[in-house]
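Attaching a single structure in structure tokens format; questions to follow.
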Amino acid sequence: MNKKSIFFKDSAFKYLVGGASMVVVGFFAMIFVMLAIRSYPSIVNDPLMVFGSTWDVNSGIFGGLPAIMGTLASSAIAVAFAIPISLGMSVFFTEYAPRRVRAALSVVIDIMATIPSVIFGIWGLWIIAPLVKNYVQEPIIGSIGFIPLFSGPAYGLSLFLASLVLTFMIVPIISSLTISLLSSTPAELREAMISLGATRWEVVRHVALPFSKLGIFAAIILALGRALGETMAVTMVIGNSFMWPFSSVSLFSPASTITSKIASELYEAVDMLHVSSLIELGLILLVITLTVNFSARLIITRISRRGATQ
Amino acid sequence: MRLISRRSKEKLIIAALVALTGAAVIPLLWIVASIVWNGVSVMSIEFLTSLPAPFGSTGGGIGNAIVGTLIINLFASGLGIPLGILTGIYLSEYAYDSKMGSAVRTVVESLSGVPSIVIGLFAFTLIVLTFRHYTGIAATLALGIMMIPLVAKATEESMRVVSNDLREAGMALGIPKYNITTRIVLSMAKGGVISGALLAFARISGETAPLLFTALFSFYWPTGINQPIATLQVLIYNYAISGFADWVAKAWGASLLLVLVVIAINVAVRTLGRKKYGGA
Amino acid sequence: MATKLVTEKLSAWFGKKQVLKDVSIAFEERQVTALVGPSGCGKSTFIRCLNRMHELNPGARVDGKVFLDGLDIYGMDPMEVRRKIGMVFQKPNPFPNMSISDNVVAGIRLSGDARKSDLDEIVERTLKSVGLYDEVKEDLKRSGASLSGGQQQRLCIARALAMQPEVILMDEPTSSLDPASTSRIEELIRKLKSEITVIIITHNVGQAARISDKTAFLYLGELIEYNDTKAFFESPKSPITERYITGRFG
């Protein structure tokens, strides 16, 4: 047998896998580089313009603040909605649900996580929007509409609707992680509480939830990262208007997000400054989501290290 | 007195938990029901195989979009699956606990957290802006990159669970490392790698945002990967927001097809996976 | 009798911890040498230095020399060394993704040495030499993992023998097997020495006495005593050896 050819194949394979990894790292780095290069015209034109409050394509003014705030607000509201739903479902799943129900629920969570965003969008646009308009927005505006946050008119497509649809999209993320955390609560801690005569809920409240606190927090941050970058469903139901938050602060007002702006304007943008401003918004989104995801990862690493020393 | 209040508190809590679970489950059932309800009525052979009718007239179908999604997915898989597998092999077998390995692992995990629209923007800036032309190639690049972290993670994880005894057995026989890696470890991890690749394929089949300004859309059969290409995903978006009743109905039909494919792949992977690993 | 494998002042470390201290020993050709000693005494590390497997552990370091027929194996290609010095492990580890016959020729095939035509013949000859052929000849295409523990271990010995090594290292090859399988393997080892040099670790002094020609006793990383097996057991020179073989410490 040829010793040289084996040595050659062995090192060739090593360089192949190492090289492929470097290509992947290269793609990641190039995302930043390309977005930065193409944002350059907008940055030199006016470095602060992207933080302005007016977006007017015809006058060449591209202030992205409403979109940035819309991104943050829709995600924050969605996370706020999703926390009780996910925690409630997870506690029900791990502590109360019979085996069959549990099996069914885990199928539901899996399927929810795989339904494409654009499907949530068509459902939100054609099924949920009219219902929200008639049965949520109009009654609330009719009763407490004098509060600016809930003022009219009822459009259907709104910041509220986008947050609601986002909620259903991030519930499976928080739930699946929370379920695995809750089910890994050490049995001896549980048994200690039970032997003291605690009810199931008391065991959850005083043992399982505190034990999983940090991990649940990480799951919530991960879900936030996902919500911030969500595009299709949000674009289809938020109304894409720069009214919010400077002309109207109402949750029921149409609004925009970074993603909805890029998705609905980039393919027809002709003005170079317009294209460049949209890319700059994308760069801002990239920095925000990576920071958020990175913090979640830091927490998860800390938890797994804690798990390793126990 | 106290015991009674604790018991009724427990009941109230169960009621609340069931209500919250319902709040998560009902929307899902609702989505699936509305897609089936609205989508079934437009399903037909003609719908699945013909070109869209000219604007304003009814009839026609989504054949070109189905072919377009398949073409773009296949090219994206050609980029993303090999790069993902090789990166996974590197992380599991060549750099598992080296500094370089953990740097690459961090990049791979960060890549999976980059919003799909940003990856689409990257392909747009690199290809569409450079060649001043909307093209399926840019879409392929974006979706291919999205597959990499999913496939790499699945590969690394399923190779790590292969017992180290087998690597040692291979080394003790004087088998070179590339053969231990590919013919023993990777061969044992095959099931997990294939599952990962299939799930990544399912995932990009639903991705829409990166296609909007790369593959764009077309009302004709695809003529080449370097042309604008219709896809199911973009068709759903364009038709759903058009407000034109016939198009909205077709968007529901396309949604039904897309959801069926995505769910079928997921179910298949899960049942196959259970069969394969359940006995071990 | 000629010496086959010689170590000179062989030392080994895991990180900062020294697990082997200046072990010098000469193994004789076509003899069975047993290595005994309490667990943690460095036996496994020692034989893993003999086929250059120790250095694969992160933080591991080796010092000293190992000569095979007078050539320093640390100056040779490690893969070449491992083809000449085979190894059988404590836990049977056939490749579960391969059939029985593919397991036997795995080393030949995957080290790029496939003379395709005679592979079937090698499978048959090697399986016969470990006494497995008659038991499995009907299902050579079945997975190697489907065999019983004792059969798996004989398959692993066959896999090592198929490479036609000059020395075979065995790390407690029977410790996970039942008594009947153990005695079959002991019988096989006695038969093997007509063609090959065998170095076997055992924690069972009775096994050492039954199958070996020479016995070495390692304690806390040092070689305490090395002698003909008969003399080793009948008149140990060191009081530590005597305490060990009479079972007075574990």
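We call the chains A, B and C, going by the order they appear; numbering starts again at 1 in every chain.
Convention: a contact is a pair of C-beta atoms (placed from the backbone, for glycine too) under 8 Å apart; a residue touches a chain by one contact, two chains touch by 3 or more.
Small disclaimer: the values here were computed from a predicted structure and weren't measured.
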Comparison of A-B and B-C (more C-beta pairs in contact): A-B
Can you name the chain that lies farthest from chain C, using the mean of each chain's Cα atoms as its centre? A
So, in whole Å, the Cα centroid of chain A is separated from that of chain C by 57
So how far apart, in whole Å, are chain B and chain C when each is placed at the average of its C-alpha atoms? 49
Rounded to the nearest whole Å, what is the centre-to-centre distance of chain A and chain B, using the mean of the C-alpha atoms as each centre? 17
So which stretches of chain B touch two or more other chains? 176
Do you know which chain C residues sit against two or more other chains? 79-80, 111-112
Counting only residues that touch at least two other chains, what does the list for chain A look like? 6, 9
For chain A, which residues count as touching chain C in their complex? 1-3, 5-7, 9
Looking at the complex, which residues from chain B come into contact with chain A? 6-7, 9-10, 13-14, 16-21, 23-25, 27-28, 30-32, 34-35, 38, 82-83, 86-87, 89-91, 93-95, 103-104, 106-111, 113-119, 121-122, 124-126, 129, 134, 145, 148, 152, 176-178, 181-182, 202-203, 205-209, 212-213, 216, 233, 236-237, 240-241, 248, 251-252, 255, 258-259, 262-263, 266, 270
Touching residues of chain A toward chain B in the complex: what are they? 6, 9-10, 12-14, 16-18, 20-21, 23-25, 27-28, 30-31, 34-35, 37-38, 84-89, 91-93, 96, 105, 108, 110-112, 114-123, 125-127, 168, 171, 175, 199-201, 225, 228-232, 236, 259, 262-263, 266-267, 275, 279, 282, 285-286, 289-290, 293-294, 297
Considering the complex alone, what residue numbers of chain C touch chain A? 77, 79-80, 111-113
In the complex, the residues of chain B that touch chain C are 97, 163, 165-166, 168-176, 179-180, 183-184, 187-188
